[in-house]
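The same subunit A turns up in both complexes below, where it pairs with subunit B and then with subunit C.
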Partner chain A sequence: MALLQISEPGQSTAPHAHRLAAGIDLGTTNSLIATVRSGQPATLPDGEGRHLLPSVVHYAASGEVLVGAAAAALQVSDPLNTVSSVKRFMGRGLEDVGSLGGNLPYEFVTVDDPVPRIKTVAGPVTAVEVSAEILKTLEQRAQATLGGPLTGVVITVPAYFDDAQRQATKDAARVAGLQVLRLLNEPTAAAVAYGLDQEAEGVYAVYDLGGGTFDISILRLNKGVFEVMATAGDSALGGDDFDYAIAHWLMAQAGLGDAVNHRQMRRLLQVARQAKEQLSDAEQTHVELTDYGLDWHGVLDREQLHALIDSLVQKTLLPCKRALRDAGIGIDEIREIVMVGGSTRVPRVRDMVGRFFQRSPLVNIDPDRVVAIGAAIQADILAGNKPDTEMLLLDVIPLSLGIETMGGLVEKVIPRNTTIPVAKAQDFTTFKDGQSAMAIHVVQGERELVTDVRSLARFELRGIPPMVAGAARIRVTYQVDADGLLSVSAREEVTGVQAGIQIKPSYGLTDHEITRMLGESMTHAREDIAARMLREQQVEADRVLEALRGALAEDGARLLSADERIAIEHQMTLLDQVHQGVDGNAIKRAIDDLEQITREFAARRMNAGIERALKGHKLTEFSQT
Partner chain B sequence: MAITLSDNAAQRIKTFLANRGKGVGLRLGVKTTGCSGLAYVLEFVDEVAPEDAVFEAKGVTIIIDPKSLVYLDGTELDYGKDGLNEGFKFNNPNVKDTCGCGESFTV
Partner chain C sequence: MTLQSQNHYQIFDLPVAFDVDGRALAERYRQLQQVVHPDKYANAGAQQQRLAVQHAAQINDAFQVLKDPLLRAKYLLHLKGVDVDATNGDPLEPAFLMEQMELRERLGAVRETPAPVAELAVIAAQVAARRETLLSNLHDCFRASDVVDWRPAVVGVKKLQFMYRLQDEIDRLEDELV
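And now, the complex of A and B:
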């Protein structure tokens, strides 16, 4: 006998055609899956009643793969083949991996491509493959619970994930055989779970401190619609860092220096985490280090814990300030502050965040499950189980998307914090006569020069018909879909030739890089504008010289005296000299001088052109038309 | 005419209705579809149609359209578990045959 669920009015499905959808919170430390049954969203437990699936995967020489608690149990005894916190490496390059420090309990291997691979006895595995194992385990749990295969899933990602990281998450779902209805920003999912869409219109903040990532989002609720006004964060800061801070303190207390092996580090982190969790309820906790050649015991109290983590919590408040500034919102305009992520259980975090936002944060929903629950609600709607879309979630892009223009300058096509999905087009033209191809260089970042931003992709538009410089019209379209993935196309409007690219960069940015890039765009604002001005003058000089050389070759001998030509060529040489310098104003003066001296030449060319056009015609022919 | 609810089913329906925050009751029904002819309908109700029959059972308002009523007379609605899965079950004396999974049936 089939087990049935209650549907919304008029939304009953035909037998064997249930639209089973789930929300997945693919977390750094733990992952969850949730679904909506009989109108009620809930996370799904495994056969032993555990909701949280530790995001840990163990690879055995036999090829057997363990996921979750069984894998976590092997972290200490077999650290090299037990992969944890793999979300940190999604869409990352090998060079980024190194920046996360020497505390990694497993090792990476270098291969030809830039995707880092983790060395295991079962062979090298990528972060995408490890994540796919976690997703498969969650999907099996959902199948067993719902009695059928999933129609689709919504997977949450940190708001700060760039294109590469989002794409890697989608890839993991594909490897796991899951249909992704949509990727959803974690704080946006949390807001849905909290039912903030039922609350009064206004501005809400979502403070999400998980195991490995921190996100702050400023959401505006307007006529039942959430708009993400701004997001900021640090995707390399979380409860794991609290654990490391405590572990390092333990190492110092136990006189271990930095000389600990993989197993000891695992053990230290386990003990540190336990101590941290106990201090959420207790004022002090007893710590014992006994195994793996460790021998120390002592007491950790809240005061000491605060000393260890205060600077880390303080680090989360800077992005809070930035997000408020980006949103153009004062602290007093925030109606509620919502706490998400297991690390917000730490009372010190609640205190400091409460003090910053000058109000008590909302903590009434299990902060570990809230994101998965929001994703499940969204998945239920996307799968078609609601009469009509009750809400429209809007996300934003974290860094501006731009294109390289002449002189290595960045032209921003879609500015940072634009809500997605979005499509924007901009027209460009050719720089040289007869130019038949154009290189499109897609970049991401806030700075003015290509050398200071991140290159995402390059492609060429070929087959532009020969035209004089500036006559061709090439429309470049940037499109970011609801998942935050970018596709770029270029089309020559006269002939219709086009080329395009789906941005799937081989790896992404580190979180430090994103924060650094944002910071630099502000600190370097003045010099960036000076640099931009210089490059613009250099490009203008190139254009003037190029045009003049063509004109001289064509009409120089016919229309100029020897002296005039020498004077022009002298001024061209002067411009050529200053053009490589760093003084934008000098270049501008030289361009003005050159234009001054060639004005007569330009006039004569124009007259000659008109004369040519009129030759052989009678004046009456023109007056008649 | 009699439709009954098990204690467990009544409890669950109340919880689900309370969670949903709106709705006047639960609609039971059948529709012609599926591999064996008829399938059950189980929906929240926001508006009762004039022709609907309305019952009270263990504090739950049950709404059934008259056409479905003949197929459901004597049915007990239960809530049960099967491994990790859980949901509502129709114990319907009118059913002669069901498809393999029991989602659709003939009378």
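And now, the complex of A and C:
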């Protein structure tokens, strides 16, 4: 007897193949890649069993690029061509680079360009390109381990990263040729990894102190939903600063003054870091400064270490206080405080944070791996491997988004800690008769003066028809997507004229530059850029077709007339016919046509889902009475 | 009915009133995001993803407004055809304005006091207490079902706005003092 297969609504009938997806923690000091296999998330080691990839890239005159431990080994002997801690420069301009501390171990090219370039023997490189090299190395590791190409990746960023820093991270993924499923905030990833979704309910704090960034996030957990209530931090504060503080103390002890060269500085930082790590277990450590003209030895004890770093740790507690206030939560309402990031290994950090939150922090998952593991869990879900999951992450923007108004003042359009995705519109008007253009300056930050906040982009709205001052109504719309990335559009509402917008990213790379970088990296990978584009179209076609088949099986009978269904299926057949061909444009056209014809169906499905969700609450409430 | 044509209360299937059942609101918010959030469409085509972003943003916006008493009061008046920001309304009582000025002056002088943090906490407590009173008055303004005159509610909202601004100032000072 044949068995009838009956599927639950919301579940697809046919189990699809497991898609390879990974989570990447692109860190200041170390980077990791993790994936979920047989339901278990784990970080992936390289051929020699090492999980942590030092975020260090070395450029040789021959054009050879080394990433990881091999590059790190050259840090002291070839400091100018060895780039480390590049995350600190993502989405930053030259003037910020200067303010990140004087003794930078490598040099920048000063050209007339908003994006700083690091000088190497292989030519100038941007932070985006350096990060792309790290991403490519991790991707190769995953492919070798998993035996196939990745469908997509989730890349983590500090929660306190602004729009320019997030955009730079996504650009790096594009240059590396990776499909980004989502940019995920590091503390949120850590919360996921801690398995807080299992049965835990309540409010949790995640304290994440990495090599170069600090985040604090307050989350409310409820039935698998992770709702970030507030986040705060400092995107230029981390364990690196501890190292610098110790290095400067060593310089003073050794009587070096400020006159050290690049090699000596690298050596000092290396010794400082080792001493810091040893003091996590020992009460005191012997320090020996040798080589490169350095000759000093002495003792560093915990008391001295505390004197050097206490003010830095103290600096992290102010954002903690602000996050609690923004979340409207008292310390007594926090159930647990989770520690993340290599710098939370320092016992003094644990002590001071524990004292602030009045409880001992949770440290049971390796603080170096926890973020990558959380990202892997999210990547597995986004790739579609767990269609029935209840887990949902609702994150926020860390800094207010605003617009410059008359007199150099900032008008906030979207306040910090607003849940994403979000769209907000604000109306402005002209101040001169016959004004035909309007400059729109998009900024991010909390201060009131434009000079005190970060400039994200400048737009110009042109072609406003001549009107008396104050008659035009210019609607500026800010939209932040689920990656936390902003897009801005502007339109004159009275005449309905949508005027052209020119975008000039303040610190970003242009699309043109990214395409060029992608092209350059492809020549090394023996892969033609056109072939890559074609494959991307084919993947998109597959995705659209598979999603639609599932949707038709689920809701086709309920939400479509016979004619509508025939028209959709006809268009699906057309796409199916062209999608294995070699004409990328034909595939793109067929996808566009199919999306056009299914627009109404997509909208109906979403509305039906919404109705079902609300009906669900009525039933539960009814059964409770 | 499509989401776009619904007001914030309809989205969550809640009665149009100033009093909102916070638990039901939060519960339904999570249920709706389970349906519309872009993460649920990471595998769908670009069009479906755009639709998800729009819906999720609208639900987020509605939630934001309904959970905050000031935004909720302004929105409720908007539904009744009153735009608070564009209405001059009845003048606020001199006593209220005097008190505002006093509080502002005290905030401005906090740094010069011998114990600024403690002084700020005293002011903060006072502002919080005033805010509670204003909120309870606003509840009364909205409660009568046969309200035809919204002027008292407009006055209540304007007063509450003053308190929100004071609170912002207190938060800013607190950040600077610590």
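In this section, the second predicted complex is superposed on the first by the 411 of 625 C-alpha atoms of A that agree within 3 Å, B and C clash if a C-alpha of one lies under 4 Å from a C-alpha of the other, contacts with A are read in each partner's own complex, and residues count from 1 in each chain.
One rule holds for everything that comes next: contacts are C-beta pairs under 8 Å (C-beta built on N, C-alpha and C of every residue); 3 or more make two chains touch, one makes a residue touch a chain.
Quantities reported herein were computed from a predicted structural model and do not represent experimental measurements.
Participant: If you stack the two complexes on chain A, which partner ends up touching A:44: first (subunit B), second (subunit C), both, or neither?
Facilitator: First partner only.
Participant: May I ask you to decide whether A:382 touches subunit B, subunit C, both, or neither, giving the answer as first, second, both or neither?
Facilitator: second
Participant: Determine, under the contact definition given at the top, whether A:491 touches first (subunit B), second (subunit C), both, or neither.
Facilitator: A:491: touches no partner chain.
Participant: For subunit A, which side has the bigger count of touched residues, subunit B or subunit C?
Facilitator: C
Participant: Return first, second, both or neither, reflecting whether A:144 touches subunit B, subunit C, both chains, or no partner chain.
Facilitator: After superposition on chain A, A:144 lies in contact with subunit B alone.
Participant: Regarding the shared-chain residue A:325, is it in contact with subunit B (first), subunit C (second), both, or neither?
Facilitator: Touch partner of A:325: subunit C, not subunit B.
Participant: Output the subunit A positions appearing in both contact lists, the one against subunit B and the one against subunit C.
Facilitator: The answer is that subunit A has no such residue.
Participant: Which part of subunit B faces subunit A closely enough to touch in the complex?
Facilitator: 12-13, 15-16, 19-20, 26-27, 31, 33-35, 39-47, 80, 82-90, 98-99, 101-104
Participant: Within the complex, which stretch of subunit A touches subunit B?
Facilitator: Touch residues, subunit A against subunit B: 1-12, 14-16, 37-40, 44-47, 141, 144-147.
Participant: Taking the complex as given, what residues does subunit A use to touch subunit C?
Facilitator: Touch residues, subunit A against subunit C: 152, 181-182, 222-223, 225, 227, 318, 321-322, 325, 381-384, 390, 392-394, 418-424, 479, 481-482, 540, 543-544, 546-548, 591, 594-595, 598-599, 602-603, 606-607, 609-610, 612-614, 616-618.
Participant: Using the touch rule from the top, collect the residues of subunit C that touch subunit A in their complex.
Facilitator: Answer in residue numbers: 1-3, 12-13, 24, 26-28, 30-40, 42-48, 51-58, 60-61, 63-64, 171, 174-175, 178.
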